[in-house]
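Pasting the structures in now, so scroll down.
In the two complexes that follow, chain A is the common piece, with chain B as its partner first and chain C second.
After this line comes the complex of A and B, so read on.
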């Protein structure tokens, strides 16, 4: 393989790696979001689920194309077989999430047990709105260290630009944003106090905790 | 919560845990963990059958419950799909396809590992709660789940008591793993 080809194949690997990482993260968040859409009876969230499902589908095709173009040896083919299998599994998960949100078509009164089940789950989810009185507003997720401070993880949020899932640490939280978090009941209760402004946020000390 | 709801809850919890475990088995290229995913898949299949039978009986006895039966069925199918997808990820590991650099370099939390350890009869962990032991702060390992006989306890909390024979599934930095294993098998007594 000459240098040119080598760098081409590295670039391909990097792209495939990025796509696969993205697909993994999205496939994890989309299921939570699907359950949240049933719980809060939200078409809006269901639309986001469908949009993510489409994105994941597109990524699956993109990975396939890249992988087929890049195969040069039996070894490459072997490596990429696993990648393709994982990509299609992530896609299947997102399709299942798409099926879950279709249950929104059943009137809410006919499916009260779903909320009960979600509330009893090991992995609980909750939506919370940031009040104008909350001093969380105006800070980034990293500045707040939301997960370390409350034990809850933001899986998706809606701000003035629309829905984002797995928001990056540098995303700023503003008054009026809706956060969908997962975590324990204790964590929700803590977060609720901060988000409503009833309690001042306890900003983490500038200690060098693990990232 | 009636029996059907509890079964559905278990199905949901199991599927989510399978996805967690499946991606972990892939990132850490760990066959033990992949095997756990496959074990869970077998449990899921049984539970799915039981749910479907219950639904049919319910709809037969009480025609008004057809809507509920429909919703549960749709949900059960979607959840089983998720579980199957998780199993197909674990399959990549079991067939030895997970050592590809592309997979290994995807978001693997650097230098982290996932371990399966059994609590021995002379382990310091035996008959203690997770809260008492504070394995996370003392030894750096986070217990994701406990396998007790054929049952799994997903996301155990600080009140969960560890028993002899419990299999702990834990993640943490590589340098913590040996210490954690030694505490479990009883060869080390101090944190």
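After this line comes the complex of A and C, so read on.
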């Protein structure tokens, strides 16, 4: 293999790796979002689940194509088989999310059981509004390190522009935003104190200050 | 329906609900555990994944039997269809976990990609040891409210008696225990300070003290 071919193969790898990381992340978020759509009876969220399901499906085919086109050595082939296997697992999980959101077609009052189960499980899904008094407002999700500080993960949020699903760390939280989070009851109680403004946010120490 | 039949049907419901909640919780834990088995090349964990996969399969069949035997009214039937659908989704997720652990058959050095992907994804999996200096030692997971306080979830732990998977809240953490957690990098950094004893644990305020 000459240098050109080698760098070509490395580029392939980077893309397959990026795609697979995205698939794995999406497959974890989509199940939460599917349950949240039932909890809040949200057709919007269910549509997003279908859209993500399609994206995951497309990524799976893209990965397959790239793996085949890469025409790799025998040694790499086992790793690539592993990649296909994880991709197929992520796809299967997203299909499960698709099954869950189908329940939205059953009117909410005819599926009391389902909401009870989501309420009773270890990982709960809850909605909370950011108060004007909360010092969370005006900061990004990364600045707040919401998950590390409260143990809850923002799976969707609604701000003045509309819904954002599985928001990135650089999304800014503002007063009046509704967050849909999942986590334990303890974590939710903690978040509630901050979101209401009853407790000041404990900003994580900046790494530079420690040095 | 007379009172006897009604209470019989309520008992059925309670059991179906309990089973389905357990299935949902297990289906969320099993995927984490499957990725952790690859990260730590652990045959033990992979065996536990297979065991949980079997349990979930059995619960699915038990739920189906109970739903059919309950012989319900038309109104309840839609809710029960929903139950079967969530059960089937949970089962599908556990099958995906089974696919992931199959990769353990590929020697670790022949699947470098997979570990990189788990490392690069939003939800990371990490192992940490509880130091003698840590005041986490001697407290239960619930007392510490680990998830709410650090944003990391304990998916497995190894203590002097062996491995515990998806540990309950009443499990006590002791010096020398190894915890396998998942969560964000920020959450892990936070946990590390507590586990090493560099920072005192911030015990959640007891609810009674607030009143």
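Here, the second predicted complex is superposed on the first by the 184 of 211 C-alpha atoms of A that agree within 3 Å, B and C clash if a C-alpha of one lies under 4 Å from a C-alpha of the other, contacts with A are read in each partner's own complex, and residues count from 1 in each chain.
Operating definition for what follows: a contact is a pair of C-beta atoms (placed from the backbone, for glycine too) under 8 Å apart; a residue touches a chain by one contact, two chains touch by 3 or more.
These numbers were taken from a predicted model, which means no experiment stands behind them.
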{"item": "First (chain B), second (chain C), both or neither touched by A:44", "value": "neither"}
{"item": "Chain B versus chain C as contact partner of A:183, first or second or both or neither", "value": "second"}
{"item": "Touched partner set for A:54, first chain B, second chain C, both or neither", "value": "neither"}
{"item": "Partner chain(s) touched by A:150 [first = chain B, second = chain C, both, neither]", "value": "second"}
{"item": "First, second, both or neither for A:102, with chain B first and chain C second", "value": "both"}
{"item": "First (chain B), second (chain C), both or neither touched by A:85", "value": "both"}
{"item": "Touching partner for A:114 - first (chain B), second (chain C), both, neither", "value": "both"}
{"item": "Partner with the higher number of touched chain A residues, chain C or chain B", "value": "C"}
{"item": "Doubly contacted chain A residues - partners chain C and chain B", "value": "13, 16-17, 20-21, 24-25, 28, 31, 78-83, 85-86, 88-90, 92-93, 95-97, 99-100, 102-103, 106, 110-111, 113-114, 116-118, 120-123, 184"}
{"item": "In the complex with chain A, residue positions of chain C that touch it", "value": "13, 16-17, 20-21, 24-25, 28, 31, 75, 78-83, 85-86, 88-90, 92-93, 95-97, 99-100, 102-103, 106, 110-114, 116-118, 120-123, 145-153, 183-184, 186-187, 189-190, 204"}
{"item": "For the chain A and chain B complex, residues of the former touching the latter", "value": "13, 16-17, 20-21, 24-25, 27-28, 31, 78-83, 85-86, 88-90, 92-93, 95-97, 99-100, 102-103, 106, 110-111, 113-114, 116-118, 120-123, 184"}
{"item": "Touching residues (chain side chain B, partner chain A) in the complex", "value": "1, 5, 8-9, 12-13, 16-17, 19, 22-23, 26, 67-68, 70-72, 74-75, 77-79, 81-82, 84-86, 88-89, 91-92, 97-98, 100-103, 105-107, 154-155, 157"}
